[in-house]
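The two complexes that follow have chain A in common; it is paired with chain B in the first and with chain C in the second.
And then the complex of A and B:
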């Protein structure tokens, strides 16, 4: 017997024309979240922006599209309203991004924040004047007020919200992201016994993910260390970017560029020694970082957003704040020269990742869902 | 040898000259020791009516800066420091707010945490105009020095999300602990300790409500309160502990001996600056710590690996403590991991290395890293 109907509003789970599945971190989160609700006995349906088509998120879970595209100040009030009208039969609602809860939210509802994305300088091109920024903040404040609980994937977001609106502290709940510990695991000891040192950059080819600093460093270090191999495994936002990356790798010995679907990434992590997650901004409790940690790799991460909830500098990885070419170069050289340090950071990273396993994530979520949906908060 | 002047609002009470905050005093002392070990001369300036004290032998504290405050900033004290400490080669603003509106040309400021996350902040600055002006002044204080050291990563998150473009303004140097505090465990009944300031922002109200439930359910458990508090709060709590055989109010400093006698340490900080050094010391001693979202403690604790991070409500505290009481292996593993995290990530020696590197980079002073004294 169903425990109730849950409606979830997102912007895009599938490309708005309905033809292409987006498969990033948010979509993986969406899938696991849906599976968990089904396991708990709920009926689930999703809504997103689109031309009116209907698809499925997973078997038996419909994804309805709403033909609206308004996005003033990063909000979609018309989408919010359409969801409110179309999903009237639901018992509980989840807003998959906090701003989707503006201007109105279902009575029993939860919003999810996937991290701070407004800490990058180009953010000011989106809200270019103080008037715009005020309006954006006002709408966000309304969005945060609507749902009964706001689940944040990192404590950075919680600190920002409470420093901006101290009265909202009671709404906030910290549930860090997850890693599938059965897929990502520490390889056998002898797997790591080789002469070469393999460095992996498993992120999108964007400046905010530190790709430019990474390439500048690798340019030098590939020359300096003949035992070094460098792997870039991530998509660009355009064919042009990916072509440039291919050219860069082709021009260097021991540099490789390719990409893999998420289900093939475990073996990529298992076959490298050092993983770079040098984000400069817009970061939550990164799935890539957690996957590298679960695979027992030594991680070098930027000290931004949720990465600081995963890594303590010198204990289970190296954390760079601020992220500069020289800091990245120094850290990477240190790890290349010190296999013992790589091993100890990797071992502790794996131990840390065990606290962020998928099953624990579900337990944390189930506790919140029980409180909000069945005990009124 | 260079002469370093350090400005602070208060290390000592401006009127009575008593130490105000044990964490700040320790932080100030270690920073001074490091500068002395690097071969420099150090003097401190703080708010006060003209007295002189000492932080360490030959390290004066001049209590001479004017204390009048405007919109939670101290522009006159900032001016006084620049005038009176004119002969210094470099300056450290031990309170970020003193770096407004002007700074010594060779300077570092220290941000200890977020000041505006308390609901009462809006009582202090009740209008939007006042809060905007305060924020503008803080932005100036962040932009003025060559580098801002944040001891609380949350401050960097807040500042860079409030003013994108400040990515390179900050250096994160968290607090420190002495790993050797991780000592043998004495045999004793299960004991819970609240070592923070006995004040609402440190979560004392929620802790008391939680402990009323827990002590009723678990009469064998001991509960100790050891932080400082106002006379009124101490009087109330003295009466409160009288109702529970296992409860004790004993405001004494946090020491290795005290930590040896406890199992779980609570830091449910709700706002402001948290007792980071005390938290790290409890972790170094291998204790299971429970921390709130605020006060910079989430930058020290990895959720369910080196401690528990909880919402600062009585219900959440009860749930977390009961889990720890019932699950001895979890308590043990949190404590063990916390000890290892402190030894590798927050040891005093690492803190000195981080500061030494920064000083060399900002002030341009070369020098070998000195061993801790």
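And then the complex of A and C:
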């Protein structure tokens, strides 16, 4: 028997035209979150921006699209209102990003923050004047106030919110992201007997993920180190960017570009030595970073957002603050030249990842869900 | 391990790419179900030379008269091979080399039920594909690999032409993976095939189809890109 109907509002689980599928961390989070709700006995349905098409998130879980766009300050009041009307039959709501809860939220609802997303220079174009910034803060404050609980995947967001509005502290829950510790594991015979050193960039090809700095560094280092191999594994933000990336890799010896379905990613991690997560902004407790750590790889991460919750520089990875081409180059050279360091960082990374196991994430979430959905807050 | 069956309608393909396509398919599928639409060349002989091919033939050409019936007949023979997955492919389509190594891992999972691929229309030679307008292969994805569930109903739209290579139920399927593996479509490669195929589709088509008309575009209007060779990943 169903424990109730949960409606989840997101902006884009798939591209708004319904054809281009997005394979980012948020989408994998969405899938795992849906599975957990199903395991708990809830019926689940999703809503997002789109032309009215209907798809499924997974078997028996519909994804409805609403033909409304984002408005100012990355809020979606019309979408929020349409969700409020269309999802009237639901018992509980989840806002898959906090601003979606503006201007109104269902009585029994939870909002999720996937991390700070306004920490890059072009954010200025969204809030160019003090008046805009005030309005954005006002909307965000309303969005945080509506739901009964706000689940934050990193502590950076919690620090920002509690510094800005101390009165909201009681609403916040810290549930860092997860990794499946059985799928992603440290191979017994680590580093093997290979002569080559394999570097992996397992991210979407976007500026905030540091793709431009990474390619600049790899261009140099592939020339300098004949034992180096470079793997870019992730989709672009557009179809033609994927073509350009394929061309970039084809023009360079020992550079590869491809992507693989999620169930094949553990073996990709196990077959490389160094993983780059050089995010510059808009980052939470990155699933890619956790997967690399659980696989016992040496990680080089940008010192931004939730990555600082995962990596202690020099202990279980290298953290770049700030992330620059030269800092990335220096760290990478250091790891290429020092297999001992790679191994020790990787071993400690695996131990760290054990605190972020999928089962622990579920327990934390189940506790919040029980409290909000069934005990009124 | 999941069993993969390819299904393919053919007609008079002996002088084109059939041998090459069957050779390629034989390296990663368990069976190739071919429905020969009353060819009058040596298509059937070529098919028979491949041990994995399950061949049947129509007595009269059906494709241009009732494609839906042809697809249905091909489907019935395909499910007789008890597949777990089906690859709907044409006699002028070739997967890039990586497919040989990756096909099994692509289907040996429970995360998705269908796979889409980018299809590249080669034009003039095997080094270039067409990219202008609706030919742009980077923006299009073709659903051609899917899970078969024995208890489910499968159907095709009742239409004479362009009724699609996969059953209607698969087109609505939700759990789809978009692969980076590329398909080479060789059907427009040779100028003589371009004119022949154009005439054929024009004869049986209904109304003006701008994409079909673009087949005869002046070469100055045709945008081409050079094929980017794929590298074989060492793991």
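Just so we're on the same page, the second predicted complex is superposed on the first by the 365 of 377 C-alpha atoms of A that agree within 3 Å, B and C clash if a C-alpha of one lies under 4 Å from a C-alpha of the other, contacts with A are read in each partner's own complex, and residues count from 1 in each chain.
The criterion applied here is as follows: a residue touches a chain if its C-beta (ideal position, glycine included) is under 8 Å from a C-beta of that chain, and two chains touch if they have at least 3 such contacts.
This one's a predicted model, so the numbers in the text were calculated from it and none came from an experiment.
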In the superposed arrangement, which partner chain does A:131 touch: chain B (first), chain C (second), both, or neither? neither
Should A:375 be classified as contacting the first partner (chain B), the second (chain C), both, or neither? neither
Touching partner for A:249 - first (chain B), second (chain C), both, neither: second
State whether A:158 touches chain B only (first), chain C only (second), both chains, or neither. first
Which of the two partners, first being chain B and second being chain C, lies in contact with A:261: first, second, both, or neither? second
For the three-chain arrangement built by superposition, which of chain B and chain C touches the greater number of chain A residues? B
Thinking of the overlay built on chain A, is A:88 touched by chain B (first), by chain C (second), by both, or by neither? neither
Intersected contact list for chain A, partners chain B and chain C none
Taking the touch rule as given, give the residues of chain C at its contact with chain A in the complex, in rising order. 105-106, 109, 111-112, 138-139, 141, 174-178, 180, 225, 228-231, 233-235
Touching chain B in the complex, chain A uses residues 116, 118-124, 155-156, 158-160, 162-164, 166-167, 169-170, 172-174, 176, 280-281, 303-305, 308-310, 312-316, 319, 321-324, 348, 351-352, 354-356, 360
Mind pulling up the chain B residues that touch chain A in the complex? 114, 116-119, 121-122, 153-154, 156-158, 160-162, 164-165, 167-168, 170-172, 270-271, 293-294, 298-300, 302-306, 309, 311-313, 337, 340-341, 344-346, 350
Counting only contacts in the complex, chain A reaches chain C at residues 19-21, 55-59, 63, 229, 231, 239-240, 242-243, 246-247, 249-250, 256, 258-259, 261-264, 267-268, 271
